[in-house]
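My questions all concern the structure below.
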Amino acid sequence: MRALFIGRFQPFHLGHVEVLKKFDFEYVIAIGSAYESYTKENPFTAGERYEMIHEGMMEAGIKNFHIVPVPDINRYGVYVKHLADITPSFDKVITNKKVIKEIFEREGYEVISTPLYKRKEYRGEVIRRRIAKKMPWEHLLPKSVADYIKKIRGVERIQAIYAKDF
Amino acid sequence: MRALFIGRFQPFHLGHVEVLKKFDFEYVIAIGSAYESYTKENPFTAGERYEMIHEGMMEAGIKNFHIVPVPDINRYGVYVKHLADITPSFDKVITNKKVIKEIFEREGYEVISTPLYKRKEYRGEVIRRRIAKKMPWEHLLPKSVADYIKKIRGVERIQAIYAKDF
Amino acid sequence: MRALFIGRFQPFHLGHVEVLKKFDFEYVIAIGSAYESYTKENPFTAGERYEMIHEGMMEAGIKNFHIVPVPDINRYGVYVKHLADITPSFDKVITNKKVIKEIFEREGYEVISTPLYKRKEYRGEVIRRRIAKKMPWEHLLPKSVADYIKKIRGVERIQAIYAKDF
Amino acid sequence: MRALFIGRFQPFHLGHVEVLKKFDFEYVIAIGSAYESYTKENPFTAGERYEMIHEGMMEAGIKNFHIVPVPDINRYGVYVKHLADITPSFDKVITNKKVIKEIFEREGYEVISTPLYKRKEYRGEVIRRRIAKKMPWEHLLPKSVADYIKKIRGVERIQAIYAKDF
Amino acid sequence: MRALFIGRFQPFHLGHVEVLKKFDFEYVIAIGSAYESYTKENPFTAGERYEMIHEGMMEAGIKNFHIVPVPDINRYGVYVKHLADITPSFDKVITNKKVIKEIFEREGYEVISTPLYKRKEYRGEVIRRRIAKKMPWEHLLPKSVADYIKKIRGVERIQAIYAKDF
Amino acid sequence: MRALFIGRFQPFHLGHVEVLKKFDFEYVIAIGSAYESYTKENPFTAGERYEMIHEGMMEAGIKNFHIVPVPDINRYGVYVKHLADITPSFDKVITNKKVIKEIFEREGYEVISTPLYKRKEYRGEVIRRRIAKKMPWEHLLPKSVADYIKKIRGVERIQAIYAKDF
């Protein structure tokens, strides 16, 4: 039984891990907005996010998964097919976004809506802002992911992206 | 005498019908942002909008028209040519947007600026919001278009798109 | 009952008319390669082809149809969805190409395979070459289409495209 | 010694000239967002901006430069390579944006950060707004550039773009 | 030590396996032309090729690898960066194509040129043609890959793609 | 009086110089297929071609020119506008290709058709093949351009591109 889990993973954090640990599926993890990087919304490249997810999954002891970077096409009417065209096949989709649910159900997929884990804290946007503002952030990520971000100088990068320019 | 009428038609409503009934042209109706769908700005696919316009025109008794979906190119400097390349030819353009007037006049087209009908009410953005908020909306559309939207479960779709996700 | 009929219509000719007259469907006529023009394969713009089809259908007395230009996406795995996203809905597909049959059946459409009418003569490539070589060609097209091509100086265009450049 | 200077140049103004006059490099001037035009952010086409820069540089007595329009690719991770692929080669980059510094340093370029000249006044956004609001603006540009803008009716264009549409 | 191995894998065959078994690297396997499918050159989608590679690697007992679909950008000058932007990082590149060697060396990667295994037989183009012509082909692939192709009716697909259409 | 001269300039050679020396125009030199490189048809990047043209023009003593890389859009119906949108304005077009003449005249430009200089020898395709086959080629180019090609190791590159891969 394969389940799709889509996200932008900017960065991959413990909220993601909590959801993935709930089930016993073989996962297809789709990295959305794969071509975006070095922006406030998407500081990390898809390649870097691929490594974060891989490290984080190993640390969490989840072994049965496939990671696929998925470029945006900005056409929701075609998005499901676009994604399914470049990923291993799947039967289920895990999401808590209503419009994602809508477009996958329209194509005949079973959608599992699951509440996110401590959504106010474990959230990409919040974590990026904490890094930008030099507030503590490492406790929100798997240790290996936090280490990876520091290794690639991701902290400095996010601070540069959030900096005022004059 | 053929006139171009451009819009996103999200959805096609009575304000559009009022403008089209004013003249006795053969119309080229261009569906702008044809690749956008399932977003707040553009909930319906171009194919769905094609059907709405066709139904609404029949209901209004206007018979002499051509409908053409036009994908965005996000290059206004080339947009007029891009559009004219994939539509039947036309001599006039009906618009009330100053920048659209500017780019078509620059290419030598005659532009007719006509005030929109009851612009505060008969307006896509207002209608989409009314649907999202479960306020009355059907009186703003041709009956056949309202019926079509209900048939394709467009009400539920717009409510899902506007929903908060957590 | 709506049926899809896809082609490049370079130009729209009597072979197309013969197939369309065989059935009593409401047609969705998709103009493929809509962004191509001024090449040997695709001398006419989608807008010009739109006008040819409209003229030719009127002349043939077929009234129940919708014409939609469809840009290529060069991704057959997504093509059916791409097309269906911007056309009115349809139930059947008329084609004699095995791979088109394959990709539409995969998406659950009924495909009608029908032999083409005098395929050796009534064929875009053959007609374009006849025009280029100044051989008779008008008898292969609806009269209104031949007239339209002459009016837009399409004969001179095709001869320029096929000309050797030095 | 060649230095890259990137901007959108909407329009090319005296702030740009001040920076360029500071150094004695051979310049590669990259016109960013080259495909954008007729919007609030980017009213002028790349071709028009090319002419503005050329006029302004002549007026300022700077002779050793190359102008290259660079379309966006919206992928910062690849942007430096994308740009370097279509411009003459360069060794240094002049910028005051931290994230631009970051992406060029990552590719091994030397980056010169220089404070902008009277940044509150000499700034594209401010100048465009002044034009839209019919406030004085010509003193902020090289005379030849102001003349060019008036010649191509750029004042009217910006006012049309900024106008409310109903 | 991570090594990049690029191919289109149409299909993944024993020639690929032989090369991968020669070394003891952690592999990044990039599926080139990821958006192509249902053509003579590229009959299988990237998603299907992902599954083939995964099955074939398991069967060959190679465990340390990452698979990444890479869409074409048709700009060799930027291709290396485009690829590296969406894949886990790597140090070496395994290829026997001189131009691929050229573009990766230009970006500072170490390139390992290794002769292909029985290149006349173990070759995608040859295998696809054998399938199309109903000649024996299964012995050229890992058993699990041949089984997968049969399961998804890939044999019929290739025969439809290679069929004459009239 | 400004004249457009379009080419791919793979490489810029003495045949180009001969044509440009015939007239006394201010030239807009458009580098076509600007995003192509490292292929048989287009071995050099647009940036490299920019430098070749600049060197060659200096050597020929022609001073009044602007160079602009122009990416393909593969839509001849829109190509003229696409090009004019990113280049300085021009009144005339110099070309010897009939279809280029056709599309520019259609947009109202004056086209000058001029025979090419010793077309059998002074021709990109011929020169690239001579380089690939290690035949003499330098006499067909301005000296500065031949020197530039050798400096960037363009000879080795073309030989790698033309090499058989196994």
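Just a few scattered comments:
Going in written order, the chains are labelled A, B, C, D, E and F, and every chain counts its residues from 1.
Methods note: contacts are C-beta pairs under 8 Å (C-beta built on N, C-alpha and C of every residue); 3 or more make two chains touch, one makes a residue touch a chain.
Computed from a predicted model, the values in this text were never measured in an experiment.
Contact with chain A and chain F alike is made by B, C, D, E. The interface holding more C-beta pairs in contact, when C-E is weighed against A-E, is A-E.
By residue number, over half of the touching pairs seen at B-F are also found at D-E, the match among C-E, D-F or D-E. Centres computed as Cα averages put chain B at a distance of 27 Å from chain C.
Measuring from the averaged C-alpha position of chain E to that of chain F gives a distance of 36 Å. Centre-to-centre, using mean CA coordinates, chain A is 44 Å away from chain C. Across the assembly, chain A contributes 35, 37, 45, 75, 77-78, 85 as residues in contact with two or more other chains. If you check each pair of chains against the touch rule, the ones that pass are A-B, A-C, A-D, A-E, B-C, B-D, B-F, C-E, C-F, D-E, D-F, E-F.
In the complex of the two chains, the chain A residues touching chain C come out as 75, 77-78, 80-82, 85. Within the complex, the chain E residues that touch chain A are 34-35, 37, 45-47, 50-51, 54, 66-69, 71, 84-89. Residue ranges on chain A touching chain D, taken from their complex, read 35-39, 45, 156-157, 160-161, 163, 165-166.
Across the interface of their complex, chain F is touched by residues 74-78, 96-99, 101-103, 115-116, 119 of chain E.
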